[in-house]
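You will see two complexes here that share chain A, one where it goes with chain B and one where it goes with chain C.
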Partner chain A sequence: MTARAARGIGLAGLLLAIALGLALGKPVLPLGLIRPPEWLVQPFADWINAAFYFLQNDLGLMALTRAFSGVVEWLLDVTANLLYGKSRWPNIGPIPWVVIAATAFMAGYALKGWRLAALSGGTFVWIALMGQWKWAMETLSVIVVATPFSVFLGLALGVLAWRSPRFERILNPILNVAQSLPHFAYMVPVVVFIGVGPKAGAIVTIIFSVPPMIRMTLLGLKKVPEEVIEAGKMAGTTRWQLLSRVRIPTARAEILIGVNQVIMQCLAMVVLASFIGMPGLGQKLLQLLQALKIGLSVEIGVTIVLLAITLDRLSKAWAFRLPEHGEPSAMWLRRNRLLVIWIGLCAVGFMLARFAPYFHEVERNQALSVAGPIDAAMDQLIRLIAPLTAWLRWFLITWVLIPMRDAYLWLPFTAVLTLLAALGWAVGGLRSALICVSYFALIALSGWWDRAMVTVYMVSISVLIAAAIGLPLGIWAARSPARAERTLLICDTAQTFPSFIYLIPVIMLFGVNDVAVVAAVVVFAAVPIVRYTIEGLCNVPSELVEAAEMSGATRRQTLWNVRLPMALPTMLVGANQSVMFSLFMVIIAAFIGTQDLGQEMQRALSSTDVGKGMVLGFAIAFMGLMTDHLITRWSEGRKRALGV
Partner chain B sequence: MTETAISCRDVSKIFGPDPAGHLARLKADPNTSSVGYVQAVRDVNLDIRRGEMLVVMGLSGSGKSTLVRCLSRLIEITGGSVSIEGQDIASLSETELIDLRRRKMGMVFQSFGLLPHRTVLDNVAFPLEMRGQDRRARYARAREVLDLVGLEGREAYFPRELSGGQQQRVGIARSLAIEPDIWFLDEPFSALDPLIRREMQDEFLRLKGLLNKTIIFITHDFDEALRLADRIAIMKDGRIEQCDTPDQIVLHPATDYVAKFTAEIDRARVVRAGALVHSLIPAPEGEAFASNRTIRDLARCLVAERREVIPVADADGKVIGGMNRQEALDVLLGDEK
Partner chain C sequence: MKSVSSILAGTAVLALLAPMALAEDSTDPIIIPLHNWSSQIVMSHVVGDVFASMGNAVEYVTTDSQAVYEAVRLGDVSLELEVWEGAFGASFDAAVAKGGIHAAGAHNAVTREDWWYPMWTKEACPGLPDWKALNDCAALFATPETGDKGRFLGGPVDWLKHDAEKVDALGMNFAVVNAGSAAAIWAELGAAEKTKTPIVVFNWTPNFAEAVWPGEFVEFPKWEPGCNEDPKVGMFPEKTYDCGNPATGYLKIAAWDGMKDKWPAAYATLTKVTLTNAQIAEMAKLVDIDGMEPEDAAKSWMDANPDVWKAWLN
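Let's look at the complex of A and B:
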């Protein structure tokens, strides 16, 4: 084993030397080894376009998608009527905002108690008073329609995958790719099939949020204890009864966590779907950000954040709620106390709305706004720290970003491929080396090498800075359990925010340029690093730490020699997520103006070029999958070495 | 009516990547290496009469639970055959099997197997629901058996809100609810306190006597086995070492393993007068001992007795032979030859 490992390292070293040689010898290299030559580039985009054309026209898939989107549109109209009074069947809306706020309040109370009730009720009151009701409801109506579709689809596919291991084997790699495809990659084909608008937004949201549901369903079904199933069988259940009355209810917790993930994915996507004409909070935010109206966009941002936290906490409370017995003998009224109070509150709400239109709908001119003060405060702040940010911007751009970008672009592609082979070999031998090289070779073949290198540079610099901030922060937070818990809560909350939100503060501080993009990515990517560092450090078995302390190690020695090595596998999971998040964020941030794959993606979206969009999407997914492979292999190796 | 309820022929169950292949290899050459395989049940031959209570004992991991799962076809056997009331259960179609389970079988599971999302009442009513009983009837019946196991007032609780013993009683109630003809009880009383355990044992004995139930009962507790068993099967490494009445097992262990297994128990409480009768000894006159009483029951009389040979009478009072007093005293005092 050690001999083999040594040989592996040796080979990796050799490959590394070759990579270095290729890089240093660039001046004498033939051109074909520096940039992927023309004849190597394959017209993947044309192939995909042809395939899509075939699907769309010859296979009649168009008719199918039309029919499906018809159903979705009808449901969207119903919810739109109920939530914000669009004049469609059943023409009874809009429901007054007080009623919806009261409903949210009661849901929070029933699920967890006063604090959740205050949060969820308060969120809707805030939305109404700030005059954002219509936009928020436009966003919410998509979530309301998309979530059940995704949950149902995910459940069905999850059950199928659980029934047939062969299907699971096919599904797994598809899910891996699907979960590494950036949001925009989903939008292009949907635009081709459905067009732009709310309907397309809803459908892209549905598709985007299915994968986690499939995963959680599968996980839950596999975890049902064997004896519970056997008890079901002995009771004489048919297969369907066993599935619907024993397996699925027993897997309740996992399935509901799946629902939670679906809701959060829906929210993230529906905000971004503003790029394909989805009205609502996302679109408003996009417009305001493009017009650099900071105060107003902060207002919208707060709403989105509140909505995210509310939806997350409500669905999590539902998922983690353990069944509890009620009073069997109490009368109906007592048993259904909350239901009665809810009906009462709704009735009061409807009455109020009838007599005071303010409680029905807050008009634009009645709405509160904190944009003025925020703008003023921001102006002050920005004037105060402008010298600092300006210097930082200058420093980063001239001394870090541009040199680094140039260096990445300067590297011959053969050197990059050999370097990746070396990395792969060091981590997982021949197989990993081949996997790494093939992912990047495909990117080279696609003809987007330079753009891809710009994306790689943005991601790598961002993850490096994120690690430089996140690691010390995580280590610091892990020093006391209370602090660790508080920091974890902040991280969890931050992770529920749609990625779009992170752009507001950075645009505020740095304006519209590369530094802002990097800053947004850094913040977004630092969260998982902090989180998993804390988790890794806190879960080191206490006997080990005590043993180290007993042998006279100082705190620093314990940290370096015991706790960090033990925590490394967990921390690597954080690094993995961090890279994934950065990739997504870099692509989203492209509309601020970058010259990477993201920018091309935006162009593909606006020219509805499916082939190009998919090729770019896969290029990004391959980067993510390669990193995932490397880090997972490494972390597995570490775990095995530590014997955990 | 003493026909066979369950009969096993050469039943084997092997866990591993290729069980059938491994069984064939073992048949061809018994010395084949079993690395990667677990032979949980090996060549079990067993006939269980209708109305019989068979207690299965053995160390942890000896294959008791697996054997019971083979009998109820919760797992497919690797070799051999199991028939229930003359019908080979491997040949049943899925619907026939479901029907058989609904009509005939019940099981109490070692780790309870309760449905976590259902209340106690709904858990107990579950098999009735599967049989298609209407709501009223099944709840009434479920309440009845919950009273029987002493869980009245807990109907609306969820399994995780109960203690281990209470959960186990829910499991017992669930199988009692349908009063199956064939009952598989996998350590059904392991989590109960001695008082309730005794009550439950009595309840099962009563039902068995009343309704002629066939019961396969797994336990680690020899006292329990002695109280309940018509026959005891002792398992080791998947094999049944001996399957016989309690006194035969104690007096004539078939293998060293069984001898060791039973070494610790007080024979006087197992051995009945009938087992010590030598029909060849001419039966003396005088007061006779009943053959179905244990030596422990007869201890006082034995000590006071002056005769060397004591007559033993069967249930009808007819003398069936004589018992050596010294032999009986040896059993009582635990002195072995």
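Let's look at the complex of A and C:
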């Protein structure tokens, strides 16, 4: 074992030396080793476009997708009518906001009690009073259609994959890629096949949110204990009954976590889908940001966070609620007490709305607003820290970013590939080396090498800065449980807060340049690092810490020699997510102004160039997958070494 | 024959008296696209409200402002109220060439897009708006990323402006930095305003920005036909792009070819829609300065200018 490991390190060292040689010898290298030569670059985009053209026209897939989108559209019309009164069948909406708020309140109470009731009821009251009702309902009308579609599609595919190992083998790599494709890559084909508007928004949301549902269904079904199935068989179930009555209910917890993930993904898509015509909060947010209305945008951001947290807590409460078996002898009224109260509240709500329009919908001019103070505070902040940011901008650009960027672009592509091979070899031997090289070789073949390197440079500097901020913060927060809980709540909020809102303040602080991009990305990249550092440190077995303290270790020694090494595998999961989030955010940061893959992605979206959009999407996915592979392998190795 | 012409005359009279009676428009909603600048959104709501007052169903979708021409062509959306020559002329022409979309009218407005500065810049560089004076002040616009050159903040690359060529042709001591979106330009302007930092950016008219930040366009050598293609035309005989942008671009209205037959009355109204620079800037101002919602801004504009939109009805 040790001899093999030593040989592995030796080979990795050799590869590293070759990479160094290639980099240092750049002046004498033939051009073909510095950048992929013309003949090597493959027209992937044209191939994909041809394939899409074939699907769209010759296979008549267009008719199919338009038919599917017809069904989705019909459902959207129904929810749109109920929630915000769009003139469509059944023409009975809109439901007054008091009724919906009361329903949310009762749902929270029934699932978990007063605190959840206050959160979910309060969220809808906030939305109504802030005058965002119509926009929020436009968003919700899409989410309530997209979520069930994703759940059923995910459930069906998950069951299929569980049934047939061959299907699972095909599905797995597809899911891996799908989960690392940036949001925009999904949108271009949807525009071609479906068009623009709410239905396109709903469909892109469905596609984006299905993969976690499939994953969790599969995981849940695999975990069902053999005894439960035996018991089911003994009761004489058919195969369908065994699946629907035994397996799926037993896998309930995992499946419902999948549902929860679907909801979160849907809300993450809310803002981005407005680029292809999804109405609601996202669209409004973009309009307000365009006009630099930071305060009003923050109000909408808060609404999105509140909705996300409410739906998250509600679905989790539902997932972990054990089925209740009421006493059959009790009276109907007693058993359905909450239902009766809910009906009563709704009736009161409808009455109120009838007599006072305020309770039906709060008009914009009656709405409360906290935008004024937020704008004033923002203004003060910018004035106050302007000298600091000016210095920071100068320092980072002149001494860090431009040199680093130039270095990344200067490297011959062969040196980068060899370096990755060395890294792969050191972490996981030949297989990992091959995986790393092939991902990046494909990027080289696509002809987007320079832009990809700019993306890599921005992601690596952002993750470095995020780690420099996130690690100490996580260690600090992990010292007491109360502090940890509070910090985790902040993490949740920062993560669900729509990323677009960060873009305008960072431009105002740093201007249109890479510092602004990095600043926006760091916010997102730091969150998973903080989160997993806290979780890793808090879950170190207390016996170990006590043992270390008993043997006279100082707090610093305990941290460095016991707690951090034990927490490392968990922290690596955070690093992995951090890279993933950075990749997504760098793409979105194209709206600040970058010269990387994101900028090209934006262009592909506006010219509806499917092939180009997919190629760029894959290039980004490959970067994510390679990092994922390296970190997972390394973390597995660490876990084995620690014996956990 | 006589009876036919009298029927025709009768219909004509009827048409004049009651345009709605003639409107055998489809009951399907007319789909109006919205983009990310306020004048277009308000104008769309004004025209949408006019259609609604004629008994048509109207719906709005938000779309990308370049991709919209493909959507109009396919009939996914019905029309487009602001086709800017400089920004969307190429996309529009490409869609026209494919078929399915045509120009249904034009606004009585000129569009101009070029280098532009807010007024506080002029205090630091009094020779403006002349481009030579701007070039002499280049150091005022220097930033860390452009070194000792002045920075010109251009629009997104896909707007296909030839600013770098212009800098080169005129031998200016400037570097072009491209913002990723219009919002990025406004954010920089907003930040520069707080510290009164000199700044020169890409801007256009009609636009809300002229109401928020008073400013002027830089006066480059006047544009003449061929100046961008033919080196001989323009100031420097060996350079192309040695001139400013045309100061009088068109602002058209585009419609889906099928609109004429599906909603004839609404289409007839659409062909009469025409607005001036001042009216368009006023629409933008209601939203961007007065903080109204676009829907409310449309209503308020219609209340203030009834004779303008009523003229479109007959």
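By definition in this document, the second predicted complex is superposed on the first by the 610 of 644 C-alpha atoms of A that agree within 3 Å, B and C clash if a C-alpha of one lies under 4 Å from a C-alpha of the other, contacts with A are read in each partner's own complex, and residues count from 1 in each chain.
The criterion applied here is as follows: contacts are C-beta pairs under 8 Å (C-beta built on N, C-alpha and C of every residue); 3 or more make two chains touch, one makes a residue touch a chain.
Computed from a predicted model, the values in this text were never measured in an experiment.
Colleague: Please indicate which partner A:Asn539 is in contact with in the superposed arrangement: first for chain B, second for chain C, both, or neither.
Modeller: A:Asn539 contacts neither chain B nor chain C.
Colleague: Determine, under the contact definition given at the top, whether A:Leu292 touches first (chain B), second (chain C), both, or neither.
Modeller: It touches chain C, and chain B stays clear.
Colleague: Check whether A:Ser480 is in contact with chain B, with chain C, with both or with neither, and answer first, second, both or neither.
Modeller: neither
Colleague: Between chain B (first) and chain C (second), which does A:Ile402 come into contact with in this model arrangement: first, second, both, or neither?
Modeller: second
Colleague: Should A:Ser607 be classified as contacting the first partner (chain B), the second (chain C), both, or neither?
Modeller: Touch status of A:Ser607: second partner only.
Colleague: After superposing on the shared chain, does chain C or chain B touch more chain A residues?
Modeller: For chain A, the partner with the higher number of touched residues is C.
Colleague: Touch test for A:Gln380: chain B only (first), chain C only (second), both, or neither?
Modeller: It touches nothing on chain B or chain C.
Colleague: Looking at A:Ser244, would you say it contacts chain B, chain C, both, or neither? Reply first, second, both or neither.
Modeller: After superposition on chain A, A:Ser244 lies in contact with neither partner.
Colleague: Considering each complex separately, which residues of chain A are in contact with chain B in the first and with chain C in the second?
Modeller: Dual-contact residues (chain A): none.
Colleague: Over in the complex, which chain A residues touch chain B? Could you list them?
Modeller: 225, 227-228, 230-239, 241, 245-246, 249-250, 252, 322-328
Colleague: How about chain A: which of its residues touch chain C in the complex?
Modeller: 87, 191, 195-198, 274-279, 283, 286-287, 289-293, 364-365, 379, 382-383, 386, 393-394, 397-398, 402, 503-504, 507-509, 511-514, 589-594, 599, 602-603, 605-608
Colleague: Which positions of chain C touch chain A when the two form their complex?
Modeller: On the chain C side, the touching residues are 31, 33, 36-38, 41, 57, 60-67, 70-71, 74, 76-77, 143-145, 153, 156-158, 177-188, 190-191, 194-195, 208, 287-288, 291, 293-294, 296.
Colleague: Where on chain B does chain A make contact in their complex?
Modeller: Chain B residues touching chain A: 69, 72, 74, 94, 98-99, 101-102, 105-107, 109-119, 126-127, 130-131, 155-158, 160-161, 171, 174.
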